[in-house]
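Note that subunit A is present in both complexes that follow, paired respectively with subunit B and with subunit C.
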Partner chain A sequence: MKDFHIDREARGAIQLIKLSGSLDMYSFPRLESQLSGMFEQGLIRVVLDCRNLDYIGSAGLGALIGFAKQAREKGGDVKLLNVPERIYKIIELLGFTKVLQVHETEEAALGSFAS
Partner chain B sequence: MKTPDQVRVKKTTGKMEIATPGDVSYLAYIRTMVTELARQVGFPEPEVAKIEMAVDEACSNVLEHAYARDKQWRWQHREPEIRLEIRTEDGRLVIEINDHGQGFEFDKFQPANLEHRVAEMAPGGYGIHIMRKFMDEVQYSSSDQTGNTLRLVKYLKKS
Partner chain C sequence: MYVRIEGDSLSDSAKGISVACTTDEVFVRVVGRGTFQNSQPLRRFAMEMIEKGYRRFTVDVGACPNMDSTFLGVLAGIGLRLRQDGKPAAEVSVVSVSPRNLDLLQTLGLDRLFTVQTLETNGTPVSWPAGAAVERLPDSDIESLSKPLDKNETTDLMLDAHNSLVRADERNAPRFSGVTKFLRESVERGRSDKSK
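Take a look at the complex of A and B:
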């Protein structure tokens, strides 16, 4: 069990958030707080790097989808990067990949905001 | 793995019992124990991931709803606790999750369609969908004598 960590870096106008550990009902309020604070500052272009994420529950998924919806209403988005296969299969089965953009490279994720 | 303080674990042949305080900080421990057992009995990794998520959703629901602070739950004098009994029988994994919080009418609860919720980008309300989608059987019972028990079953299919 790895502790949940959030690291944030700016890539121009895009916020790259690196997640590690488990995103569950215990940890998701921390991500929620981070994203809420960013949105209040108008930082609504977000890429979540999930390379080191080992679990995501519906509380975390719900929070992500909710923030993506809010961001889109203001011209931004929340996109996923480097989703581990184990997690990708789960979110694909549940249909979340139909509404959340998932990218395999940082370049593609960052570049997708320009189009 | 090391058993955290305040957690009771009892292992016998083909069965494991776990009792943890009713607190979200124990969810990771529960997931670890359940996934280890699911792997040991031979579930392939994609199925282990589904079992992990279903159990996590079940326990999260207990904490969010059954033990919600604004509800009158059973045996208020007792500290909230989640008890799991995990056993293998007849080619299936049976996981029973018991609490003594507020019960609800599980069978009458008909959440909105999963596809619609996702399409609407709803921020929550996915837990029961996930349990029903990822497990082969989901049953709920509630009584003043035994508390609330959610029974999740996954068949160990031979490939």
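Take a look at the complex of A and C:
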């Protein structure tokens, strides 16, 4: 099982967070801490690049919805990018795609904040 | 219907969930990830065994690198159901627990619901009970499911599992409030769509 890694880059006012490895209950607190810290600084426009993510757990997805809602209340959002097909199938099955925006390209994800 | 496995070794490396029963105990071995994708066959099997009168379960997770909250919630549901029956000697033992899985069990307070043996305390891998028929639960290898998961059934399962985690330890309530709220709404939407 791959270790979980988080890499953060700023794209103007948007934070692009590249995730790799398994996002499960064991690793999620690290992302939670990263997002909480960013929200405290007012960085509420977030794109999570999931290209190298090999697993995401149900509790992690639920918590992401919570972060997305928090961000929306302040005019921001948390969106997903490059979601691998096997993970997309899961989040679509569970209906998470109704509350978390998923984009296929970085351009589309970043551009969606302007619209 | 379960798939019979030849041989009696717990070291079978094929992924999935295998089970064996003695007259008074159920053995379960998880090879590969335990997730919401293979929780349903385990829950069905366990409830069937509890209905048959079994009160002792041993779950070997030595070859399970990770368990998600739904899978752990299903295990918690088994433990709670046994506790609810109030029969003596009812027990779920989770054995060959890796440090990572131990951390998950402790974080969710499940180490107080189950008897937990780590890889260190076990000493040696647990063997299948002598002479017991070992069977593999259908659709328990998440990498080769025979059919797509049913949305409503999966949502119900996940909600029930997360509710079990909260019943097992109230400190889990805030941890899973986001996912349980979403799943509850999803289940209600599903029921409302059905009734139309």
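Simple rule for what comes next: the second predicted complex is superposed on the first by the 115 of 115 C-alpha atoms of A that agree within 3 Å, B and C clash if a C-alpha of one lies under 4 Å from a C-alpha of the other, contacts with A are read in each partner's own complex, and residues count from 1 in each chain.
The rule we apply is simple: a residue touches a chain if its C-beta (ideal position, glycine included) is under 8 Å from a C-beta of that chain, and two chains touch if they have at least 3 such contacts.
This structure is a prediction, so every number in the text was calculated from the model and none was measured.
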Subunit B and subunit C placed together on subunit A: clash or fit? clash
For A:G37, select first, second, both or neither according to whether it touches subunit B, subunit C, the two together, or no partner.
neither
Identify the partner contact of A:Y55: answer first if only subunit B is touched, second if only subunit C is, both if each is, neither if none is. both
Larger residue footprint on subunit A, choosing between subunit B and subunit C, goes to B
Report task. Have a look at where A:G111 lands relative to subunit B and subunit C in the superposition and call it first, second, both or neither. Result -> neither
After superposition on chain A, the subunit A residues reached by both subunit B and subunit C are 1, 22, 24-26, 55, 57-59, 61-63, 65-66, 90, 93-96, 99
Per the touch rule above, subunit A residues touching subunit C in the complex are 1, 22, 24-26, 55, 57-59, 61-63, 65-66, 90, 93-96, 99
Listed in rising order, the residues of subunit C that touch subunit A in the complex are 33, 35-37, 65-66, 68-70, 100, 103-104, 107-108, 148-149, 151, 154-155, 158, 162, 175-180, 182-183, 186
Per the touch rule above, subunit B residues touching subunit A in the complex are 1, 24-25, 27-29, 31-32, 45-46, 49-50, 52-53, 56-57, 60, 63-64, 114-115, 118-119, 121-127, 129-130, 133-134
So, in the complex, the side of subunit A touching subunit B is made of residues 1, 22, 24-26, 55, 57-59, 61-63, 65-66, 68-69, 86-87, 89-90, 93-96, 98-99
